[in-house]
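Two complexes, one shared chain (subunit A), two partners (subunit B, subunit C).
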Partner chain A sequence: MAQSELVKKHRVRELLVALLPIAALAVLFGALCLVVNIKGYRLDMYLKIVFNEGVVLAIVATGAIFIYSLGSFDISLGASTLFSATIGVMVYNASGSLPLMILTIFGVAIGCSLLSSVLASVFHIPVFVTTVAMMSVLSAVAAQIITTNGGALGGIGIPATVVAPLDNVPFKLIALAAFALLCVFVFDFTKIGRRLKFLGSNAVCAKLSGIKVNVYAIIAFVMAGLGVGLGAFLTLVYTPSVTPTTAGSIGMNILVAIVFGGMPISGGSRSRIYAALVGGFSYILLNNILKIVIDSGAGYGISQIVSAVFFLAVVYVTSMNYRTKLLPR
Partner chain B sequence: MIKRQSIGTKLIGTLAIPAAFAAILFGLCAAEGKTMFATPISVNYFVLYAAIVMITTMALSINLNSGRFDFSLGAMAVLSSVLSAKITYALLQGGSGSAVVMLLLGVVIGAVLGLLSGLLYVGLRIPPIITSLGVTLIYEGVTFTVTSGKYVNTEVRNASMSAFSGTWIWPALVILVVLALIWFIFDRTKFGYDYKALQNGQKVAVNTGIREVPNALVCYVICGALMGIVGFLSATRSSTINGGSLNFGSIGIMFTAFLPMFIGGYIGRFSNDKLGYLIAALCMSLLNSTFAVFSNQISASMQSIINALLLVIFLIYLSNEGLLKKLFQRKQSASCGER
Partner chain C sequence: MKTLKKLFALLLTLAMVACLFVGCAGDTPATDNTPATNTPATDAPATESGTDDVEPIKIGVLVADVSGEEALAFRSYYENYIASNYNVTFSYTEQLEDAAAEKSAIEKFAAQGCQAILSFSSADRATQLDTCIANGLYYAVASGMLDDAQFETYKGSEYFVGQIGPSMDTEYEAGYAMGKYFADKGVKTVAMYGAFIPNPMHVYRAAGVLAGLGMTYGGASEKDAIVGQIFGDQGIDPSKVGANGVELIGYFQGFGDTTFDELFAMLGQGPDAFLSVGMATTFFTDALNGAGVEFSDIDSFTSANGEAMANGKLVYLAGKYSSSIGPIFAAVVNAVNGHPVRDAEGNALSISQDYLVATDADSFAQYSTTDQGDSPIFSKEVLDTVIGENVSYDDFAALVSADRS
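Coming up: the complex of A and B.
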């Protein structure tokens, strides 16, 4: 009797902890509305800014969940987004064709992801180091192309009229929902997702059960590539030009967003697609709230400190159920 | 049974990579009719850069070899250099002895920053990679707030700092002192033995009575102190400190240490890993000096690509070394059979 009560208590606690990131998102949304109203700013404008910034991060992070579920992580996704968008712009300027540009962006993004996965799985290089190398190469090549063709400051771009009809909330919402549904389907309703989680939980056991690690690693990277492609396209829709700093912080923000959304960095069975969506928008909401509240140049530093403390606090609370005697590694 | 290496194998294993690096890079310069060390300044910068790379590599490897990934190394270097530069300037107004005071303060402040980072890790008990993300953001935020996002120039431009970077002797001395200290701490003390035990078997080591928390904290303190030195050396090298890095802008500093860490680890199999880091840092500095010689032909982007490709090629070799040896042996035995 006492034991069943304990189990019940533990389950309730687990549920509360699992709901915490969603509650944090709701609180942050409420806080944004409140501070915007207090300051007398236009709420619709701020909601649009948050949505436009959050949608790219949420999409790229959603794709990245497949890699993170394996217990690996990829910090080259920001550079990959920049590189795909750069090549997309070059192709549009050479051909004048929007469909060709979109195809190129997706092709390049998936190609970059495949290259990372091949280097990691075929040549047995640690995934993280592969992505460090890829990050350097992709951002350097993109910077070279941009500075050669348009100058580092102004960058290169496509005519705004080309993507203007797509720069609206309904289109981006449909793109986000479609990609998220695809990811939920693959991750939660097919053997691919189950096996990825199994590999992330216990790679040795998964291998001994006959799961081909290389195949699933490649699938994970392809899914992440799809997210990068869509993210790169939406980046161009929002701002139809690229500079060497475009999407520069996405690679690291994905890490923060996923952890913020309540997913453990070690991946495995507790990996959730919604973590990227919830975490991505929460992080952008938090940053915008702090920007409004601390409204000065030096305030950027203070808002980053507050944002980091909030991040650590959320992670601390969401990981309360998984404390170990040994120090985590 | 562990196979003992002969002195010849040890020597070849230790010196093969630096010899190859030197031969290729000096050869390239000679082929183009250029000299790598044309002026004494180029020698000074060579030693200074080697010191920066070696110390960063050591700081990165201390925690990484124990499975603790630390993104905050760059942020620690920048914050410690900003704070030490400002305090030193407030005390001496750029007068004589500024460099020594800034170096000592940098080490102390770096150690404190490392300790805070370590305390956060052992206190929160969340994975070190996540703690380091938070710490990076906090330290970058503090740096930005202290400097108002501007470059720190006046505080690091004085005769004392110029005298430090104006000769190769001081950086060489720093290399020797750090190398000797790190070798002593990690290879000759109880702390070092405990560190290795924890590195190779965390659970077993803890069960045998090794205290993991103090060991981890000391590791973070040492990393912080080392990054304090790196911050100081970087400030003397560029005569400025960028206080405007936000949103993980400072993590690039640690990426320069990945290739030397793997090269150093490889060399360490034949001698000692700390010596390996020094040799690897010298190789990286040679490469950097070659880039400087060919600065008109090789852009900054191209340099990044070359560095990344070298990292990938070396890792492909390192990760498939056993396979390559097997292939080579099979070919050899096949050719013997043919004979």
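Coming up: the complex of A and C.
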């Protein structure tokens, strides 16, 4: 009896902690509405801006969940987004074909992701190390292409009219929902998700159970590549040009978004697809609230400092129910 | 008990965050991106930009550099001088990293009720303009210029106020004048710093320096041919430089872990002069003064550069001055007040603005002291001559091109 009560109490606590990121998202949404109204700004425009800022991060981070669930860490996703978009622009400018550009973007994104995975498998080095190398290479190559072809403009682009009809909330919402549903299906309703979580929880046990690590690592990177491809395309939809700094902050923001969403960086059984969506938009909401509220005349970077404090607080709260356990996984 | 401790720690953390909020919040109304909004001075006189009983003009400012001495001088001129003399408020962005950040910042300014955008950021000018047009905001380029094709596309838009700043031709001419200065001085060997080539501004300046020194690049001596090759090479390849009396003994660009090694290796060869197309005064002043090598740069009239010219080896500076952004503000005020300045064909303003050149401490002091505090070169009295209903394109051109030396 006492034991069942303990189990019940533990489950309630776990549920509360799991719901905390969603509650935080709701609170942040309310806070944004409040500060925008107090300032007398246009709320409808602000909500659209927040959505536009958050959608690419949420999509790329959602794909990245597959890699993070393995307990791996890919820091090259921002550079992959830049590289895919760059090649896409080059292909469009050479062919004038939008479908070909889209196919190229997805192909390049998945290719980059697979290359990281294969390099890690072949050379038996940690994925993190290969992605650091990929980040440097992809950024440098993209910058070379952009500056060589961009000339005095400093960037390359496609005509704005090509993608302007797609630069609206309904289209982006459909893209986000479709990709999220695909990820939820693969992650929660197929053996792929279960095995990825198993690998992330205990790779040795998973291997001994007959799970092929390399196969599932490749699947995880393909899913991440799909997210990068969609993110790169939506980046071009929002601003039809790329410069060497495009998507530069996505790599680190994914990490923050996933933590804000309540998922441990160590991956494993606590991995959740919704963590990227919830965390991505929470992070963007928080940033916007801070920028509205804080007087930057007091010094640049104050909002980042406050954001970092929130980050630590969120990590502390979300780790409360497993941090002290002997075997957290 | 343990849980209570944890909650107490969390509460303390949140209290700390709350304190940060309170401490950082100013009395002035905050805005997104840079809430450092300057409320107009209560004693601001009635002007074309409005009177005290009229809502101030709200202008959003896009910036890619938030900490450079030049950027701070520009900001100080707008926020301290202009805002206290005109009925206007400025809202600044934080450091804009890319085109998406620029577009988002413009949309936020629109949501905040701004009427115009002044842009010091250049990741994607075309998208900036498209976003302003879509949101009904006036747009002006405060630093640099659109390329010719972009200007042709947007010059007829009612929301494009115009551009006043150094054109790429002006950048080339500034580099050319610097190179010629040293060639005329009789130097035999020079070292060169290409700053952040392939940044277009630096490419054009570097091409001008080579031409001014009487050098060819890849056999070419014409501006466009040199510029095209530098873009293609992503820098200057010393093996392609054809000497003609002056020898280029070393070249480097960028800034990283090995930059000072490259610099000292070059200085070890004993060049007569060190020519930079930007940022040398920020990075290398102490090293160059220490090596006793005369150097030059294209930068701005900052106090650090004044010190280097008075007591160091800086012998040539082509620079911007803080109030050089005054005329474009005047053009924005006119547009917001309903009488935009257009050329005879109804196109937006496009006026190239030259650099001022100092070659000694006296000329440096003349430009820097006449552009400070309450008496900038483009003072209220000067700007008022081009703010109003009956101001023509020629009036602006005459104001900008007048000799300020």
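Basically, the second predicted complex is superposed on the first by the 314 of 329 C-alpha atoms of A that agree within 3 Å, B and C clash if a C-alpha of one lies under 4 Å from a C-alpha of the other, contacts with A are read in each partner's own complex, and residues count from 1 in each chain.
Simple rule for what comes next: contacts are C-beta pairs under 8 Å (C-beta built on N, C-alpha and C of every residue); 3 or more make two chains touch, one makes a residue touch a chain.
The structure displayed is predicted, hence computed values, not measured ones.
> Figure out whether A:123 sits in contact with subunit B (first) or subunit C (second), or with both, or with neither.
In the superposition, A:123 touches subunit B alone.
> Is A:184 touching the first partner subunit B, the second partner subunit C, both, or neither of them?
Touch status of A:184: no partner.
> Pick one for A:255: touches subunit B only (first), subunit C only (second), both, or neither.
It touches subunit B, and subunit C stays clear.
> Looking at the overlay, does A:136 come into contact with subunit B only (first), subunit C only (second), both, or neither?
The answer is first: A:136 touches subunit B but not subunit C.
> Per the contact definition in the header, classify A:211: touching subunit B only (first), subunit C only (second), both, or neither.
A:211: touches no partner chain.
> A:17 in the overlay: touching subunit B, subunit C, both, or neither? Say first, second, both or neither.
So A:17 meets neither subunit B nor subunit C here.
> A:308 in the overlay: touching subunit B, subunit C, both, or neither? Say first, second, both or neither.
The answer is first: A:308 touches subunit B but not subunit C.
> Counting only touches as set out at the top, which of subunit B and subunit C does A:293 meet: first, second, both, neither?
second
> Between subunit B and subunit C, whom does A:144 touch in the aligned arrangement: first, second, both, or neither?
Both partners, subunit B and subunit C.
> Common interface residues of subunit A with subunit B and subunit C?
After superposing on chain A, subunit A residues 144, 147, 249, 297-298, 300, 302-303, 305, 309, 312, 316 contact both subunit B and subunit C.
> Report the residues of subunit C in contact with subunit A in the complex, numbered from low to high.
Within the complex, subunit C touches subunit A at residues 6, 9-10, 13-14, 16-17, 20-21, 23-26, 28-36, 66-67, 92, 94-95, 97-100, 102-104, 107-108, 110-113, 122-124, 126-127, 130, 147, 150, 168, 198-200, 203-204, 231-232, 234.
> Which subunit A residues qualify as touching subunit B in the complex?
Interface residues on the subunit A side: 119, 123-126, 128-130, 132-134, 136-137, 139-141, 143-144, 147, 249, 252-253, 255-256, 259, 264-266, 297-298, 300-305, 307-309, 311-312, 315-316, 319, 323-329.
> In the complex of these two chains, what residues of subunit A are touching subunit C?
36, 39-42, 45-46, 48-49, 52-53, 144, 147-148, 151-155, 157, 160, 235, 238-243, 245-249, 288, 291-300, 302-303, 305-306, 309-310, 312-313, 316-317, 320
> What residues of subunit B sit close enough to touch subunit A in their complex?
66-69, 71, 120-122, 124-131, 133-138, 140-146, 148-149, 202-203, 206, 212-213, 216, 246-248, 251, 255, 258, 262, 299-302, 304-305, 307-309, 311-312, 315-316, 319-320
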